[in-house]
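In what comes next, chain A is part of two complexes: it sits with chain B in the first one and with chain C in the second one.
For the complex of A and B:
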């Protein structure tokens, strides 16, 4: 196995690990109890999945066709910048719409800000 | 070997999309469904990259950028709609 074969194998392995990470993220989105933990699972691990996959595709194009794709690099940068922002926006919208947390939540530091000062939380 | 790994990656992306689709169907609140839709958009970006590697063509690389931008804009618009009830607000004093 020569050098370019090894590099090709590493790039395909990056794509495979990225797809496994997508499956892990999907399992997290189906198993977690409330919307905030689901957003935690979906945002971080699917961002990592798409970063690994696009890096693998970039490496494969570079090795096979000796073509440096600026579009894939821009896609990596764009996903890396915007996925946390969209996760933050959707979690904040859910919190302001008073979507219920799970029953095992013990701490909600913004409860007074949202519901008015000094009100006891019902459990 | 490489083709087998790429095909396995495609199958896993399909599995992840199916599980996210289950969450869209049974999701109790609207933000759950939007999180799952955002995740499906991200998965679709990866699927386009893998398919363009398999077909050995460069013609689909713009689709990656367009899909990423569209997923971001739609998620932001939906979250503004949930939070304030309007996506684009009017000016009041004029």
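For the complex of A and C:
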């Protein structure tokens, strides 16, 4: 096996692992009990999946066609900038609309701050 | 910091001029830049501030820490998903951060929200505490707090 063969193998492995993670996090969206835990599965595991797949593609282009794709790197950077913001906004909006948390929730220190006594009338 | 960088560029140009080559070569400029780095590293205590490349090293270190945390907690979350019975105890807890300012607090929130198993739900208006939704409070709170303090330390090295 020469160098480009090894690199191709690594790239294929990265893409495979990334796509497997995407599948598992999609399963997670279905299985988790409420909005908040689902947003964990939706935004987090998939960022790692996207990172792995895109870096595999980057490696493949680099080795096979000796083309350093800046666009792929930019894609990674922007996914990493936007995914947490959307996750934060979704769960924050859900909490402010008082979407019910799952019954297994053990502690909630935010409730008194946002929906506690006297806060109701302000709206 | 900018003074050190400008001086380093100046040394690089000077080096390139002194070589007196037929054409401008980037390799010569780069060699001059490396020599400038060495000189400024030896002299940086006379500037009365940190060596300016230390910030770069700190950034690289932050990225490495983040990558390892990302992998570790992703495996954690994926394990939870693949269990035959989903047994998680989510919860929201308050975390007071020592970071201040409009760069450090968002950076910590971004890194924390990117790490699986935790979402920043609210930041207090004063910007000194987070409300974090953790996927599994009982099991992973200790782990989360540990990685939080790791992130805080690394961010402070970059910004201060």
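Note that in this section the second predicted complex is superposed on the first by the 117 of 123 C-alpha atoms of A that agree within 3 Å, B and C clash if a C-alpha of one lies under 4 Å from a C-alpha of the other, contacts with A are read in each partner's own complex, and residues count from 1 in each chain.
In this section, a residue touches a chain if its C-beta (ideal position, glycine included) is under 8 Å from a C-beta of that chain, and two chains touch if they have at least 3 such contacts.
All of these numbers come straight from a predicted model, not from anything done at the bench.
Judged by the touch definition given at the top, the superposed model places A:39 against both chain B and chain C.
Contacts of A:102 after superposition: chain C is touched, whereas chain B is not reached. Contacts of A:89 after superposition: chain B is touched, whereas chain C is not reached.
With both structures placed on the common chain, the touch criterion links A:47 to chain B and to chain C. Judged by the touch definition given at the top, the superposed model places A:113 against chain C, while chain B stays out of reach.
Between chain B and chain C, B touches the greater number of residues of chain A.
Of the two partner chains placed by superposition, chain B and chain C are both touched by A:27. According to the touch criterion, the shared surface of chain A, contacted by chain B in one complex and chain C in the other, consists of residues 25, 27, 39, 47, 83, 85, 87, 91-92. Across the complex, chain A meets chain C through its residues 21, 24-25, 27-28, 31-34, 36-37, 39-41, 43-45, 47-48, 51, 80-81, 83-85, 87-88, 91-92, 95, 101-102, 104-111, 113-114. Taken in their complex, chain B has these residues touching chain A: 1-2, 5-6, 8-10, 12-13, 15-17, 19-20, 22-23, 29-32, 34-36, 38-39, 42-43, 45-46, 49-50, 52-53, 56, 58, 61-62, 64-65, 68-69, 71-72, 75-76, 78-80, 82-83.
Those residues of chain C whose C-beta lies close enough to touch chain A in the complex are 70-71, 73-74, 77-78, 80-82, 86-94, 109-110, 113-122, 131, 133, 135, 137-138. Residues of chain A that touch chain B in their complex: 8-9, 12-13, 15-16, 18-20, 22-23, 25-27, 29-30, 35, 38-39, 42, 46-47, 49-50, 53-54, 56-57, 60-61, 64-65, 67, 69, 71-72, 74-75, 78-79, 82-83, 85-87, 89-94, 96-97, 99.
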